[in-house]
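In the two complexes below, chain A is the common chain; its partner is chain B in one and chain C in the other.
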Partner chain A sequence: MKIPDWLAESSPCPCCSIGVGGKKNFIEKTLVEIAGMMERSIFSEKYASSKGFLQSIDPRVKLITILLLIVTTSFISKTEIILGIYALTLFFAYLSKVELFFFIKRVWLFIPIFSGIVAFPAMFNIMTPGEPLVTLMRFNSTIHIWVFQFTEISITKEGALGALLFISRVATSVSLIVLLTLTTRWADVMKSLRTLGVPQIFVLVLSMTYQYIFLLVRIVQEMHLAKKSRTIKNNMTRQGIKKEQNWVASRIGTVLMKSYKMSDEINSAMVSRGFHGEIKSHGTFRIKNIDRIWTGFSISLISAVIWLNYLV
Partner chain B sequence: MTLFELKNVNYLYLNRIPALNDINLSIEEGEQVAILGANGSGKSTLLKLLDGLIFPSSGVVKAFGKTLTENILDGEGGDFPQFFRRKVGLIFQNSEAQLFCPTVMDEIKFGPLQLDIPEEDIHQRVNDVIEMLNIENLKDRAPYTLSGGEKKKVAIASVLSINPDVLLLDEPTNGLDPRTQRWLVELLLELRKSGKTIIIATHDLGIVEEVSERAVVFSEDHRIVANGEAQAILNDTELLMKVNLIHEHSHRHNVILHKHKHAHTLEHNHDHVL
Partner chain C sequence: MHIPDGYLGPITWGALWLVMIPIWIIASRKLKKDLKTKNVPLLAMGAAFSFVIMMFNVPVLGGSTGHAVGGTLIAIVLGPWAALVAVSVALIIQALFFGDGGITAIAANSFNIGFVLPFIGYYIYRLISANADITSTRHWIGAGIASYIAINVAAILTGIEFGIQPILYPAVDGKFQYFMYPLSVSVPAMAFEHLLVFGFVEAIVTLMVVRYLQQTDASLLRLTERTISQDKIPAGVSV
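Right, the complex of A and B next:
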């Protein structure tokens, strides 16, 4: 084989005069963050495999009791009871060897963004009239905006309590679900869904989706790295960014085609091993005494909070 | 007994790109056959046809005396689909596509469960296969966290637990390190002793003479150009060069695998004595 002359030449290397530095571009940052987030939050199973209290409970029992607790939390109207349940989640997180700081951070990181935005307007007298706690602005005449009428803008006691109730309810529910997913392997959570009557095919599709997300992220990352290794110019001008965006858009199509091909292969692999439209499986979970105790405790807790909320 | 019989089989990928061209082939029970051919010569397509996953564009594929059609394998009723899936197992080239269950344990159980094998037997088989392949430490792991070699082992385990009489392997040594390749050859030799029919599609000539008695060679225009004793075919340098399976820099002189250094000119002009 004869290689052309230009291929045999090496380019000059003015190493000392080459500039270095610059920032990572947006695609790279996004991909690295997505992959890192997925690995950290979903795939690590660090806490699920450690030997703590909640980890020793049968996943089916855990799923059902935690879901019942969440439903109960959403019916409770006394903030102090909800905060009590929240305190219990912290206690169980501690018993399950989950680092408390990590647990609290995981729950509270998103609450201000999602529920905070919803609860914020409800604190003011415009949305929730009542006894003012802090008055921010006073007007000389009544202001009419759409259906609202007001003479001042203030945070009301009713509004603040309502927002507190709402946020504590969300925080407690999120804590319960985070506790479930941190202390249970995802595969077991999926299998437990069967006990709630979720159809097998749905569970299978869900658990397969979950695994192949990982693969997909890796394909995208490799594609990006392959492009990066052949890209010379770091073009952060307006036109350059537009080109990058176009490239991303066209790659989305390629990834779609790749994943379609992959799904075809997976289907063949399933058929080859006897899949015939209906998945057969059998559970391997066994109910132990600790599960009975936990169930008893959960039922008593639910009864107690309902009694405290409605009857006392 | 003839297990597979292919008559004038053609297969068009996406209805226009030819993947198999006028294939006539029969495979007997207990045979070890290597399907040889360069990349894209149609080896994988042939294995999928033999496993009843795709069907020929024209011609007939018979397995266990029955013509394989979509109706006979996917239709409702009849015991043939279950019988066929118990008898024939395919180990895919891409282990990632083959491993779709949440854990290695579930993966190995999947096949036997779908084929209604009794629960106690499944338990026994799964444990035996795990022990045999020495993957005890992987059984609770998720397949996507495994290395390439581990994935291949689990893919093999997931098919062996069905205990098929016919094993179809698609490029089994691809991407495996030399030690795992050796392990695979030894496993195949053991399976051969137990009377299994083993059909391997490969371009790794190194393993062919060890694990196969017969070789079928595909040309790059997707036809069978040779079908005979593996050893004789491996020694036919001219044929292997013609189908692009060997290169003048790496080939075999009778029983000695011969590799040239790359910076040379004179060494090309040596005789090929058989």
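Right, the complex of A and C next:
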């Protein structure tokens, strides 16, 4: 079937501010966030089910080795080594058929950009004194602000290197965990948590939570869509805001009541199917040769990294 | 307020894991005794709710928006131990699947947002609303004050955890390893934004939801009292 031209056109509709570039109000913001979350989880499942390198590794082995790598990254003090691990995550993302642009965007869009804002002031001599690289401003006398005192504003070598170390550590850790979740089905990640000694009851709660998050998010999305479709103009006066806050609170209250009622019903459903507090998990994983090779590689990588960091 | 990986050094996050593991064990023992088989779906729904409450944007004056954490609200409804588990589970899912909050920092985040926040919020609420009728204004006023104080304590605690990094890991060759600003910067920065903005968002949401529950389904505010009173019923009496 051919899509009519008027439907294919992407010109923004004049009645709502999405896509127009205007400031989104709280309803639209929530809707956009929910859409983003759904999109991310759909993409995760897509990559997890494609046939790449990391997808073929046993989830338990993958979980343990990647968590060990994250812990190791936390101990490393040399920026070059951390950047080396980062380059490896890109390489394995490529081998696992994850589009590199998507992978980089997914990693950098959230935490590292925020951390960049955190690390930015540390580049200057006020926070990190040292050898100046670029001097932006010079003062005739010493300036005292709160606990700081300085005679010039400049970016220092130590500051810039420190900020780079900080950001690369954050980005590498996020890359490692994104790599794990992109290449592993969440149900398998959950099951693998058992091998780390996480109690069965926690694993069951975790996997049930993950399922019901999507149900609740769907309810929240519908509430907001319904509200948006009935809103003509936003009333952003003091009174209007109070009314909107009341609306948000009443919806949160409704979701709370719904989830409580649902937990009762789920409990009855579980008990009527024979649940009595004990859980048996089905489906077994089998260790293959590729898992042994990956384990060997990870252990040698971690040892090499520790050796380079502490002994060289 | 979710601490990512790389902000805290191994001493801090390691110590907080050592603190949180026994707390989680105590929590699961307590809940097993109180809730029996019902605990699994109840905790799962509580965790899903604590995840979803953060998705609600709340309009504030000036056209901007903020969101609540909801730790105090969950503690008021489910009790502090169930809130601890529910919020921790939500934090683990956020860290694992949404890259929000670090893996090494799961214990640190659970300590601040899952343990300190709900417990402080819950006990302040109980103190203010003690012996009050279920329709009493003391319930929602208490919820507002409790959630405001609780989120600020959690934020300042996070600021302290950040600020001790330059002390634990002094600069090597002039550059810091982890979070680089001293306590004199990190604590005021965290306290400032929470005392002025996020604390109020949290208080408004908690207070209004409690009021809404009072008007629509007040039994939800009584859940924790009921589990306590049920224990006191002598054996052989059917409920």
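Details
Keep in mind that, in the parts below, the second predicted complex is superposed on the first by the 245 of 312 C-alpha atoms of A that agree within 3 Å, B and C clash if a C-alpha of one lies under 4 Å from a C-alpha of the other, contacts with A are read in each partner's own complex, and residues count from 1 in each chain.
The rule is simple: a contact is a pair of C-beta atoms (placed from the backbone, for glycine too) under 8 Å apart; a residue touches a chain by one contact, two chains touch by 3 or more.
Since this is a predicted model, take the numbers as computed values, not measurements.
Contact with both chain B and chain C is seen for A:Trp186 once the two complexes are overlaid on the shared chain.
Applying the stated contact rule after C-alpha superposition, one finds that A:Gly130 touches chain C and leaves chain B untouched. For chain A, the partner with contacts to more residues, out of chain B and chain C, is C.
With both structures placed on the common chain, the touch criterion links A:Gly253 to chain C but leaves chain B unconnected. When the two structures are aligned on the shared chain, A:Arg169 is found in touch with chain C, with no touch to chain B.
Once the two complexes are overlaid on the shared chain, A:Thr195 sits clear of chain B and of chain C alike. Applying the stated contact rule after C-alpha superposition, one finds that A:Ile241 touches chain C and leaves chain B untouched. Contacts of A:Asn309 after superposition on the shared chain: neither chain B nor chain C is touched.
Applying the stated contact rule after C-alpha superposition, one finds that A:Gly274 touches chain B and leaves chain C untouched.
In the superposed pair of complexes, A:Ser77 makes contact with chain C only, with no contact to chain B.
Put simply, chain A uses residues 186, 208, 215, 262, 266, 270-271, 275-276 to touch chain B in one complex and chain C in the other.
Interface residues of chain B facing chain A in the complex, by the touch rule stated above, are 48, 51, 53, 74, 81-82, 85-86, 88-90, 92, 94, 96-98, 100-103, 106, 109-111, 113-116, 119, 142-145, 158-159, 162. Contact residues on chain C toward chain A in their complex (touch as defined above): 4-7, 9-10, 13, 24, 28, 32, 36-49, 51-53, 55-61, 63, 65, 68, 70, 73, 77, 85, 89-90, 92-93, 95-100, 102-104, 171-182, 184-185, 204-205, 208-209, 211-213, 216-217, 220.
On the side of chain A, the complex with chain C involves touching residues 23, 25-27, 29-30, 33-34, 37, 40-41, 44, 67, 70-71, 73-75, 77, 106-107, 110-111, 114-115, 119, 121-122, 127-130, 146-147, 156-159, 161-162, 165-166, 169-170, 173-174, 177-178, 180-181, 186, 189, 199, 201-202, 204-206, 208-210, 212-213, 215-217, 220, 236, 238, 241, 244-246, 248-253, 255-257, 259-260, 262-264, 266-267, 270-271, 275-277. By the touch criterion stated above, chain A contacts chain B in their complex at residues 43, 186-187, 190-191, 207-208, 211, 214-215, 262, 265-266, 268-276, 279-282.
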